[in-house]
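Single-structure report; data block below.
Which chain is which? They are A, B, C, D and E, in the order written, and residues in each are numbered from 1.
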Amino acid sequence: MLNSTELLAIPALPLIASLVVGLFGWALKEKLSHTITSASVILSALLSAHVFTQVLGGASFYGNFWTWMLSDTFVVPVGMMIDQLTVIMMLTVTVVSSCVHIYTIGYMHGDPGYSRFFSYISGFTFSMLVLVMGNNFFTLFFGWEAVGLVSYLLIGFWFKRESANFAAMKAFIVNRVGDFGFLVGVLAIWYYFGSFDYRDVFAQVPALVAQGDSLHFLGWEMSAITFICLSLFVGAMGKSGQVPLHVWLPDSMEGPTPISALIHAATMVTAGVFMVARCSPMFEYSETALAAVVFVGAVTAWMCATIGLVQTDIKRVIAYSTCSQLGYMFVACGVSAYSAAIFHLMTHAYFKALLFLAAGSVIHAVMAEQDLRKMGQLRKAMPVTYITMLIAALALSGVPPFAGFWSKDLIIEAVGAREMGLVGDFAYFAVLSAVFMTAFYTFRMFFLTFHNSDRVAAKTKPHVHESPKVITIPLMILAVGALLTGAWGVMGLDIANPEIANGYFGSSLFVLDAHNPLMTLAEEGEHGWYHFVFTAPFWLAISGIGLAYAMYFRETDMPAKLAAASKPVYTFILNKWYWDELYAKTVMYPAQGLGRWLWQKGDLAMIDKGLIHGGIVGGVLAGMNRMRAMQTGYVYHYAFAMIIGVFATLTYLVLKG
Amino acid sequence: MNPVNINMPVIAPLIPEMFVAVMAMVILIGDLFLAKEHKVWSGYLAILTCVVAGFLTFSMSPSHAVTAFYGLFVLDPFASYAKLLIYAGTALAIILSLDYIKDEFGVGEYYSLMLFGMLGMMIIVSSPNFVTMYLGLELMALCTYVLVGFQRDVLRSSEAALKYFILGSLATGILLYGISFLYGVTGSFDFASVGAGIAHSGSSGRLAVLLGMVLVIAGLAFKVSIAPFHMWTPDAYEGAPTPVTAYMSVAPKVAGLVILIRVLVDVMPSLHVEYVTIFTWLAVLTMAVGNLAAIAQRNIKRMLAYSTIGHVGFVMLGIIAGNADGYAGVLVYMTIYLFMNMGAFAVIVLMRRDGIQGELLDDFAGLSKVHPGYALAMGLYLFSLAGIPFLGGFWGKYVVFMAAIETGHLYLAITALLFSVVGAFYYIRVVKYIYFDDTRVEFNFVENRLMQATVAVTAIAVVGLGLYPGPLINICKAALGGII
Amino acid sequence: MLELGFFYMFAGLAVISALAVVLSRNSVHAVMSLILCFFNAAGLFFLLDAEFIGIILILVYVGAVMVLFMFVVMLLEVNFVSVREGMLKYLPVGGVIALILFAEIVAAASSGVFSPDGIPDPGHVAQQLNNTVEIGKMLYTKYLLGFEIAAIVLLVALVGAIVLTLRVRTDVRYQNISKQVNVNPADRMHKVKM
Amino acid sequence: MVPLSAYLAVAACLFSIGIVGLFLNRKNVLIILMCIELILLSVNINLAAFSHFLQDISGQIFIFFVLTVAASEVAVGLAILVAYYRNRRSINVDDINTLQG
Amino acid sequence: MMELNNVLGFPILTWSIFLPTLGAIIIWLFVRGESAVRWTALAVSVLTFLLTLLLWIYFDNGTAHMQFEEFHPWITAFNVNYRLGVDGISMPFILLTSLLTVVCIVSAWDCIKTRVKEYMLAFLILETTLIGVFAALDGILFYFFWEAMLIPMFLIIGVWGGKNRVYATIKFFLYTLGGSVLMLVALLAMYFKAGHTFDLQALMAYPFNFEWQFWIWIGFFIAFAVKVPMWPLHTWLPDAHTEAPTAGSVILAGILLKMGAYGFLRFSLPICPDASQYFVPLMVVLSLIAVVYISLVAMMQSDMKRLIAYSSIAHMGFVTLGTFMFTQQALEGAIFGMISHGFVAAALFLCVGVLYDRMHTREIGAYGGVVNVMPKFAAVMMLFCMANVALPGASAFIAEIMVLAGTFSADQLYEMVISSKWVAVAAATSVVLSACYTLWMYKRVVFGDLVKPEVKAMPDMSWRELGFFAPLMVLVLWLGLYPMPVLNVIHVSVANLVEQATSTKLHAAHALAQAEMLQQTVLR
C-alpha cells in the first residue's frame, strides 16, 4: 500500500497554493505568487515520481477518505485509486504542469492578472489530479467539472476581449453538453450497479451483460451496457473535443498560450481518453460503443487534420492537430488498444505541450502576433525555440525515433490488426491519411515560422529575440520528453506488450482476449527495430514533410496557386467545414428564437395576457361593468330589480313545485 | 267574551329598552337647553346611554329565553348578544359623529334619532312576533331615513334619503304582504305558532305559504342588503353623512340578520329546503354584486357599501348552513365586521385634506407618510376585511365557510372563496393608495381623542380577535343556546 | 246578495281609482283618486266587520294623510308633465312580469286553504260584539308593547319631519360649514373651457 | 256571500297596481309615494279579510299598527321629498340619479 | 394530553416564531432613529438565528417523529390547536429562514433609505410567519401563517419596490391568495371527513378513499403550485422578483418558493399518497416544462432579476420533480435543493442588488466590463453563478444529482407511463440550459471591456457587502463539499415520508367504509 498522506499531498499542495494565491494574490508580490505555486506543483511532481517508482515496484492504493453524499443506497465517497494508469497520468500532469508554471513566470510577466493566472493553473493541476486519482465516478466528475471551470476561466482570462469571453462561454457550454451525457451515464451506472465505485462497478459488468438488460425508448432498444458506455463517451467527446463537440477547442486558443499547452493540449482534453481507458472493463463488453468510439475518433482525426492544413493562426494549427491526435487516441481505445491510447496520450502530452510552448515563445517574440503569414525567418533569432520546435514537429509527424512515432505507429498497427468491418476499414484509412496531413501541416507551420520569407511587420522586427531562460528551460525539459518518452515507453515500460496483464499496465486496463489487437500483432510476428521502414505511416510522414518542404521552403508561390485551383474545397476547409455556422443556424438561433417565442407568446401573450388579463381579469372587469351598469341611479330600476327578485324566486319555487 | 283581567305585564326584560327610550327623549328635550357649543354633551350622553344599556343588557343576559309583554318580546342569549353588538355599533357611530355633526342643525335630534333607531333594532332582535318585528323595523327604518337625509342642504344626502325611503317603503309593503299571507294561513303573528301552522298547512296551502315566505324573506333581505334587494345600499351609503353610513353599515345589519335567523328558525323550519335553495342563489348573486361592483368605485364610502354587500353574501353562508355553527358564524362574522368596518369609517372621518372631508380613494394617497398610525390601522382593517389571517376578518370568513362545508355546500364555499379573492383586490388597492403613493395635498386630521381611541381600540380588537378568536367563537356558540 | 253587490261596487271602484292614481296626469287628480280608493277600501272593511279600522282609515288617511299629500303637492308647485311619458317603453317587460306575479298571487289567494273548505265563512257572527271594544281589549293587553312602540314611531316621525324641513331663517345669508366641509373635491373646481 | 279569495284578489289587484305604478312611473315622485300607499292598503285589505274569516281580532290590530306606521312614513317621506325638492328644485324621478354606479 | 417530545424543556419553537415579532413590537414602540432601528433589527434577527441553531444542535437525527413539540388549545370550538413541532424535513427550513433574514437585514443596511423602521418591522414579522409555516403541525395554524405572510410581503414589494411595483405586488398578492383559498376548502373538508381534527399527523394517518384524496390533492396542488411556482401559474414570480427590493427578492426566492414545495412534502404526499401517485405524470410534465421551457425563456431575458427569477422557477422544477419521485434520493435531493437554492438564488439576487445600488438599473445591457472595476464582486458572482449551474463542489450539485439519481431509479419502485429514466434524461438537460443562461448573463454583465462611463464609476464591494455574502459563500461550498450534516438530519424523516408516500390508504379506506356500512345497517 502507498502512503495515503503522500497521496493526499499530491493534489493538496497545488490546491493550497492556488487558494493562497487566489485569495491573497492582491497582497502578494509577483515573485511570491509564482514561487508558492511553482514550488508546490514541482513538489507534487516529485511526489508523483516517487509514487510512480513505488507503483512500478508493485504498490497500489485504494481507499476512501470521507463520504461526500449519502442517501440510502446512494453512497458517494471521496477516495483514491492509485494504479499504473493513474500514476502515469499523475506524472504526466504534474511534469507538464511544472514546466508550464516555470514557463509562465516568463510568459505572463507584467500581466495585471499575474497571480490570478498562477492561482488558476495551480487550481487546474489540483482538479486534474483529482480527476485522475479518484476511485469513483463522482470524484472523477468533480475533477472533470473543476477542470472545465478552470478552462473556462483561463480561456476568458483576458476578459476585455469579446472573442475570449465568447470562446470561454462556448467551451463551457459545449463541455456541458458532454457532461450531460456523462451524467446520464453515471446515473445509469448507479441504476444498474448500485454503486459509483470503479471496483464495484467493474466487478459487476459481466453479470449485467449476462443478464441482458436493455433499455427502450420510442421503440429504440439498446443494451444497458451500451447505453452506459455511449453516454459516458458523449462526456468524453465533449471534454476531448471530438466531432461534433470539437468546436470549442480551437476557439479556446483565445486563452494565454501556457494554458493552451497545459489544458488544451497536454492534460485536460485527454481526460476523455483517460476516462474511456479507465472504463475499459465496460467498453469491452459493448461492441456498439467501441465501434462508435472508433468512428468518432477516426472522423475527428481525419477531419481536423484537413482543417489544420489551411489554418493561418499558429495556435489554431496546433489546436486542430490536438483534436486530430485525440481522435487517434480514441481510435486506439475503440480498437481495444487502450495501452496504445494512453501511451500516445503521454507522448502527445510532452510534444504537444512543447509545440505550444514553443509557439508561445514565438508569439512572445513577435509581440503577440499569431498569424503565420506575418512570421518567417525566425530561425536565426530564436535558435533554442527553433530546435525544440523542430523536435516537437518531428515527434508529432511520427518520425522515428521521436516519441510520437512509437505511439502513433502502435495505434495504426493496432487499427490495422483489429477486424471491425466497415468502421475499422474507414478508421484505418483515416488514421493513415491523417499521418500524411499531420506531417504536412506541422511542417507547413514550422517552415512558415522559421524559414520561408521574412514577413514580420517592420515595427516588430527590432523586438524579435530569443526568449529568456525561464521560457527556454521548460522547452528543453519537454524536448527531452518529446525525444525519449516513446522509446522509454516501449522499451522501458513495455507498454506495447500484448499481454496487458504482464505489461506495464497490469490489471489497470482490461481487454477481452477476443479482440485484442496487440495480441493479433504479436501473433503476426516479431518486428525488428527497423520494421518501420516497411510500414506505410513512416513513408506517409516523410512524404508529408517533403511536400511541406516543397511548398513552403522551395516553391513558395505554390500554395496560393493550389488554393485558387481548388477554391470550393479550400474555402470549405478554411471555414472549418462550417461547423460553427451549422451550430449557429441549427442550435443557437433556434434555441434563442424558441426562448423568445415561449416568453413572448407563451408567458406574456398566452398566460399573462390571454389567461390572466383576458380570461380572469377580463371576466372580473366585465362582471364589474355589468354590476355597475345595473346601478343606474334610477329609483324605478332599483324597484324593478327588487320585484324581479321576488318574481324570480317565487316563480322558481312554483315551477319547482 | 268576558271582561279581561288586565294583569301587569312582565316588563323587567325591557329595562334596557325603556332606559334607551327615556334617554333618547331626555336628549331630545335636554338638547334644547344646551348652548350651541355645548351640544356635544348630547353626544356624550348618548354614548353613555349605549354604555349603560350595555351594562344593563349584560347583567340581565339570561341563560334561556324569557318572554315579556304577553309574549310580544323575548330576551334570550341570542338577543342579548345581538344587542351588545348593536350598542357597540351605535356608540361607535356616535363617537364618529361628535365632530362631524357638530355644526349641523338639530344635533340633539340627531343623537336622539340614533338612539331611537337603536331602540328599534333592540326591539327587532327581541321580537318573537311579526307585530313587534314590524314595528321595530319601522322604528329603525324611519330613524335611518331621517339620518341619511340629515344634511338637508346637501343634495346627495336628500337624494339618498329619498331613494332609501321609497325602496324601504316598498320593501315594507312586500314584507307586510307576505306577513298577511302567513297570517292568513296560520291565523297568528306569533313566530312559533306561524311556524307550527306552516308545518301543518299541507299541500293546499303550499302556494300561499311559499308566497308568504318569499315576500317575507324579500322584505328582510332588503334590510340586510341581499341582492337583488341591495340597490339602495350604495346610494344611501354614499349620500349619507359618513357617521350615519358607519351606523347603517353594522348595527342594522346585525339586527336584520338576527331577525332573519329568527324567522327562518322559528317560522320556516319546515321550508328549509326551499329557502336554502333561494339563499344559495341569492348568496352567489350578492357576493358577485358586492365584490365586483366594488372594484369600480372611486368613492370609499360607496366602495364600503359594496363591500358590505359582499360581506353579507359571505355571512349568508352561515345562514344557508342553517345549523348552530352557521348561525354562530353569523354572529362571529358580524362581531368582527363591526370592529373592522367601524374602524375603517373612523379613519375616514378623521381624515381631512385641505379642510375637505376625504371620501375618494385618491384622498388616501400618502396617508402612511403623514400619519403612520392611522395608516397602520387602516391597513389592518382593510387586510382584515379582505380576510387575511392574523386579523379578525379571516376568522369571520372561516367560521361561515366551515359551516357551509359542514353542511355540504362545498361549491358555494368555493365560489365564496373565489369572490373573496376578487374582493381582496379592492381592499388592497386602498392599501396601495395609503402605502405606495405619495401624498399630494396636505392633511389636517380631525383632533378628537374619542375617535382616536376608537381607531386604537378597533385596531387592537381586529388583531386580538385575529390571534385569539376562541373565546368569541365560544361566546357566539353559547349565545345560540336560546334558539337552536 | 246585497253584500255581494256592495262588494263588487267597492272593489271595482277601488281598483279603478287605484289605476287612476297610477295613470293620472295631474298629481292633484292622483291624490283625489287615492282618496276615492281609500273610501272604497273603507267600504270593504265595513263589509268585513271591521268598522273601527274603516273609520280610522277615513279619519286618519283621508282626513290627515291625504291632506298632507295635497298640501305637499300644492307646496311643490310642480309643473306637471305627462306622467305616462316613457311608460310605454317599459310596459311590455314590466307588464309581463307584473302580470305573472299578479297571477301567482291570485293563484296563492285562491289556493285550497283559503277556500270555504279551508276557512269556512264565519258569517257576521261578530256583529253582536263591539268591534272597537274588542280591538281596545287586545290593543291594551296583548299588544300593549306594539302600542308603545307605535307611539315612539310617531314621535320619531314627528321629530324627523321637523328636522328635515324646519327652516331657520331664509332671508339672511349664513355660512353653512357642514356644506363646506362636506363638499366633494371634484365639485369644488370646474374646469371651464375658454 | 263574498268568498275570502275575492277580497284577496282585490288586494292582489291593488298590490300589483301599486307595484306597476312604482316602477313604470318615471316622472313624479309623489305618485310613487301614493303607490306605496296603495300597496299598504292592499295589505290592510288582506289582513282585514283574514281577520274576519279567521275570526281573529289580532289581524285588525295589525292593521291599526300598519296604518299608524304608514302615516308616520308619509310624514317622513314627504319631509324628505320637500328637503330634496329644496336642493334639486325638481321631483322628477328621472332627475334622482346623481348617485349611481 | 399527549406526551410532548421536547428535549429542550422550553417552548423553543414558539420563541423562534415570536421573537422577531417581539422585536418588531419593541422597535415599533421604543426605538427611535434609523441607525438604532437597524441595529436592533439586526440584533433581533441574529438572536433568532442563534435560537434556531439550538434546534439544530439538539435535534435527534435518529427519529422521524416530530421534535420540540408544543401543544396548546387555541380555538376549542373547532379543535384548532396551536401545535408545533419539527422533523428532519422542516427543521432545515427554519434555519434557512432565520439565516436569510439576517442576510436580508444586513443587505438593506444602506440601500433602504426611506421608512427604515417599517421595512425592518415588515421583515421581522415576515420571519415570524415563515418560521410559523415550517413549524406548524396543525392545518389551520399552517394556513394562518401561510396567508399572514402575504401582508408583509405585499408591503415590502409595494412600498420599497421598483417602478412597476404596484402591478407586481397586487399580482403576487392575488395569485397567492387565489391559489391558497382552495387549500382552505381542502383543509375544512378533511376536517369533517377525518373526525373533526386539523392535526397533521392524524390527517396523515386517516384513510381517505381515492375520491377524497383526489380532490384534496387538487385543492392543495393549486395552492402549492402557485407558490412554487409551477408552469403555467408562474407568471407572478418574474414580476414580483423584478420589482421587489433586493432583500424582498432574497426572501421570496429563498423561502417563499420553498413553502409550496414544502407543502407538497408535508400535505400532499403523506395525506394523499394514492392521489399523489396518480398525479405523478402531471407533476412530471409540469416539472419538465419548468426545467426546459422556463430555462429557454430565462435565456432571453434582458433584466437580470427577471432572468434569475426564471432560473428559480427552473430550479424549483427540479425540486417538484424530485418530490414526486418518492425515492429516498429524489426526496432528499428535493429538500436539499430547496436549501441550496435558498442560498444560491438569494446570493444571486444580492449580487444584482449590489449592482443595482450602484447604477439603479437591472438591464443586462447597461452593464459590461464590471470585472474591471469590481474584481471582488466578479469573483463572488462567479462563484454563485457556477453554483447556479450546479457545478460539483457547490451545494446545488448535490441536490441536482440526487434528484436525478432518484428519478432515474424511480421506475424500480413503480410503473410509470414512460420509464423514469427518460424523465431523468430530460431533466438533465438542465445541465446545459442552466449554463447557457447563467453564463451568458455573467458574460454580458461582468466580462468585457470598460466602455460605459457609468460602469467605470462603480466602486467595488464594501466590507459590509462582503460580509453578507461571506456566510452564503461558505455555506454553498460547505454544503457542496460536505453535505452530510444536512443529509443526516433529513434521512430518517425522508425515509418515513417515502414510506408514507409509497404506501396506499385505499385498503384502510375500504375497510373503514365497510365498517361504517356495517354499523349503519346494524343501527337501522
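Note that a residue touches a chain if its C-beta (ideal position, glycine included) is under 8 Å from a C-beta of that chain, and two chains touch if they have at least 3 such contacts.
A quick note: this is a predicted structure, and the numbers were derived from the prediction, not measured.
Trainee: Strictly by the touch rule at the top, which chains does chain A share as contacts with chain C?
Mentor: Shared contacts of chain A and chain C: B, D.
Trainee: If you average the C-alpha positions per chain, which one ends up nearest the average over all of them?
Mentor: E
Trainee: Going by average Cα coordinates, which chain is farthest removed from chain C?
Mentor: Result for max centroid distance from chain C is chain A.
Trainee: Looking only at C-beta pairs in contact, point me to the busier pair out of C-D and B-C.
Mentor: By number of C-beta pairs in contact, C-D is the larger.
Trainee: How far is the middle of chain B from the middle of chain D, if each middle is the mean of its Cα atoms, in Å?
Mentor: Computed value for the inter-centroid distance: 26 Å.
Trainee: Using mean C-alpha positions as chain centres, tell me how far chain A is from chain B in Å, no decimals.
Mentor: For chain A versus chain B, the centre distance works out to 78 Å.
Trainee: So the centre of each chain is just the mean of its C-alpha atoms; given that, what is the distance between chain C and chain E in Å?
Mentor: Roughly 67 Å separates the two chain centres.
Trainee: How far is the middle of chain A from the middle of chain E, if each middle is the mean of its Cα atoms, in Å?
Mentor: The separation of the two C-alpha centroids amounts to 38 Å.
Trainee: For chain C, write out the residues touching at least two other chains, lowest number first.
Mentor: 90, 94, 98, 101, 104-105, 109, 114-115, 134, 142-143, 146, 150, 153, 156-157, 160, 162, 164-165
Trainee: Note the residues in chain B that touch 2 or more other chains, in rising order.
Mentor: Where chain B meets two or more other chains at a single residue, that happens at 131, 135, 138, 142, 145-146, 149, 152-154, 161-163, 166, 170, 174, 181, 184, 207, 210-211, 234-235, 296, 425.
Trainee: Do you know which chain E residues sit against two or more other chains?
Mentor: Expected reply: no residues.
Trainee: Okay, what are all the chain pairs that touch?
Mentor: Result for touching pairs of chains: A-B, A-C, A-D, A-E, B-C, B-D, B-E, C-D.
Trainee: State the interface residues of chain C toward chain B in the complex, per the touch definition above.
Mentor: Listed in rising order, the residues of chain C that touch chain B are 104-105, 107-109, 111-115, 118, 129, 134, 137, 140-146, 149-150, 152-153, 155-157, 159-160, 162-166, 168, 176-186, 188.
Trainee: Where on chain C does chain D make contact in their complex?
Mentor: My answer: residues 3-4, 7, 11, 14-15, 18-19, 21-22, 24, 27, 30-31, 34, 37-38, 41, 44-45, 47-50, 52-53, 56-57, 60-61, 64-65, 68-69, 72-73, 75-76, 78, 80-83, 85-87, 90-91, 94-95, 98-99, 101-102, 105-106, 109-110, 114-116, 119, 121-123, 125-126, 131, 134-135, 138-139, 142-143, 146, 150, 153-154, 156-158, 160-162, 164-165.
Trainee: In the complex formed with chain C, which residues of chain B make contact?
Mentor: Answer in residue numbers: 1, 4, 6, 9, 14, 21, 25, 28, 68-73, 101, 103-106, 109-110, 112-113, 116, 119, 123, 131-132, 135-136, 138-139, 142-143, 145-146, 149-154, 161, 181, 184-185, 201-208, 210-211, 241, 352-357, 359-360, 363.
Trainee: Mind pulling up the chain D residues that touch chain C in the complex?
Mentor: Its residues touching chain C are 1-21, 23-28, 30-31, 33-35, 37-38, 41, 44-45, 48-49, 51-55, 57-58, 60-61, 63-65, 67-76, 78-83, 85, 90-91.
Trainee: In their complex, what parts of chain E are in touch with chain B?
Mentor: Residue list for chain E touching chain B: 73-78, 115, 118, 129, 140, 143-148, 150-151, 154-155, 158-159, 165-166, 169-170, 173-174, 177-178, 181-182, 184-185, 188-189, 191-192.
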